[in-house]
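Down below is the structure, laid out as structure tokens.
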């Protein structure tokens, strides 16, 4: 993947996957893959969120003193 | 002209002489101005008489005063008027008229009335005084304040006059040994030429550029006649406006001249002027001496007083200045405090603002993240949900297996039925079953006989029964 | 017999036998043989059916659980 | 069989078998075979589904904590 | 940035960031950046404030004596 | 500055600065400048006052001896 | 100054200055100038007084002999 994954892209892909699964356009074989991808994306997004939260805490925590 | 009677000139002149002598046979008192006065070597005096109206000569005649009468007339005149008869004078003359064929018309002066001339001189003098008064010049010179000491003196006098010598002697021999700086400006001091001469001297001294303490006009020792020049208007106008205060010592016996009147200080004689000046200086010296000790005392007083005043002024000034400075200092301090306070307040406000913004960023970021986390959770559940849905759907799709079973069983059933039918058919067709029911099979030569016609009598046939067989011969 | 007997072959032979019997063209002796053959074939076919039925039921059973 | 069996292929074959059986175009001999094949395919598909379900549960379960 | 950063500019940018975060017009990817930028700006502003405070104390302290 | 600074002008400017700061119409960037300017003016005024005081004292001193 | 300074003028000016300062109608700038001027005037007056005193003493001395 040339383009670096961002939260935005991940979220979009996730929603695409959901609608693809809902749309019945895929088979079980693909479902497995899609679910795995969704898991990856979810993990990525959660990581990103946790990281951002940490960043916010860390960065803004400096000013408490 | 042939009809005319001709005269010889002498005839005519003789006739004129006769007429005039008979018509003007006595003397006349005539008022006239002396336009010119001249004398002859023989002691006669020739006068030119004129009468003017508005500066125009309206009558003019010659008159002769013979030396025989002249001395007596002149003596009487000078005694009364202290003046000599001279050009420009208005006189009252006693004249007799004569005519001479050769010399023409002439008047002989028989007498001159001195009292008329005296009156006339007085009139002129009064007129001069009046004019000077009108021009505010009469007391003009008196306005000068004399220097306390008179030292630099300008003298207008005749150099050779005895009065000048008297003046100088008096000055130089003063007992207080005052020093004087006297400069003489010589001038003619009597007669017609005097006014012009004095004015010239005046101009000369004024042009010197020296600040004289006084201008001394003195005369004396000469004739007492011809002093009417000091009543001259032009001279007095000029003298009155002199740069310096004028002292006069003209020595008029009659009464004071106009020059005395316009002078700052008038004295009878040059000696008196000198005495006055010495006295003036002495008075100053005396006054100075008297004042001196008083001055010293009061100077010391005044110095002390002034010192005190200065100190008072200085301390008052210092006090109020320091008061002012003090109040300004507190104002500056206050301003400094206010600046500090307001700046700190502003900084504090900004600090709270920054803190607020920080909190906002923190809070908003966190709630944003939380929201996203919820969204992600939601997405996760979504994925699970749709995936499970999907699997369930697929499970349902696998149910064609039921059809499979159903149709398979159906097919088996059908086959079974088919087989059952066949089975039944076969069973009813089974020969053994017929044998058991009592049927039998007849064989001839081992072959089952189905048609009796093929058999002949005697043929041995075998009959198969359900159990066992029997052999028999055809009988019929 | 080289060729292995199948339900099809068996059923065909059976139906041939049935039509021979019905055609009355055969004698009693042959009939006997035919009947005996038919019985054999029937037994084979029935066995086959039963087995298939069992198979189906077995499959069905898998989904019933 | 060169081509690896997928859920898709299995399902397709299964449906083909069903329609063949429904069409009554097959005999008992084949029926037997078809039923056996169908059983296989069903087993495969069910296994696949179960596996996928497990996958989904497993994957998504990670985030429940 | 050609323009030199001032307290004023920093404050304005900060308020813009706050309203952007409030307005939810940005994604998590941007949020991270925005928060980092906000931290920078906050640090700058605090520094400026501290410096100004010191200046005030120093400058006006001269007049206390 | 073409016009020479006087105590009067300095005082007026100071009062203006105080009211500006009090009026909160200025930002931190300006505050720094204003405070520096105020310090200058205060120093100037104090110098002027001290100098004048010295002058006064000197004058007073002339009479003390 | 075209007019030559005299003790009288100096004293008058001095008293004027004193009353001006007392009247508090003047600012520090003027005060400075006034005080300087007053110093000049005072110096002048004192000088004049001292000189006069000396003169008087000297003169007095001449007569003491």
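Couple of notes before you dig in:
Think of it as A, B, C, D, E, F and G in the order they're written, each chain with its own count starting at 1.
One rule holds in what follows: contacts are C-beta pairs under 8 Å (C-beta built on N, C-alpha and C of every residue); 3 or more make two chains touch, one makes a residue touch a chain.
This structure is a prediction, so every number in the text was calculated from the model and none was measured.
By the residue-number overlap criterion, the interface of chain E with chain F counts as different, with under half of its numbers used by both chains. Taking the mean of the C-alpha atoms as each chain's centre, chain D and chain G sit 128 Å apart.
Taking the mean of the C-alpha atoms as each chain's centre, chain C and chain D sit 32 Å apart. Centre to centre, using the average C-alpha position, chain A and chain B are separated by 85 Å. Centroids of chain C and chain E (each the mean of its C-alpha atoms) stand 97 Å apart. Contact of a single residue of chain E with at least two other chains is seen at positions 7, 11, 28, 31, 35, 38, 42, 45-46, 49, 52, 56, 60, 63. Within chain B, contacts with two or more other chains are made by residues 310, 314, 317, 321, 325, 328, 332, 336, 339, 343, 347, 350, 358, 361, 365, 369, 372, 380, 383, 387, 391, 394, 398, 401, 404, 408, 412, 415. A list of each chain pair in contact follows: A-B, A-D, A-E, B-C, B-D, B-E, B-F, B-G, C-D, E-F, F-G.
Considering their complex, residues 7, 11, 14-15, 17-18, 21-22, 24, 28, 31, 34-35, 38-39, 42, 45-46, 49, 52-53, 56, 60, 63 of chain A touch chain B. The touching residues of chain D, when paired with chain A in their complex, are 6-8, 45, 48-49, 51-52, 55-56, 59-60, 62-63. Note for the complex: chain B touches chain A at residues 355, 358, 361-362, 365-366, 369, 372-373, 375-376, 379-380, 382-383, 386-387, 389-391, 393-394.
Only residues 310-311, 314-315, 317-318, 321-322, 325, 328-329, 331-332, 335-336, 338-339, 342-343, 346-347, 349-350 of chain B touch chain F when the two sit together in their complex. Those residues of chain G that touch chain F in the shared complex are 27-29, 31-32, 35-36, 38-39, 42-43, 46.
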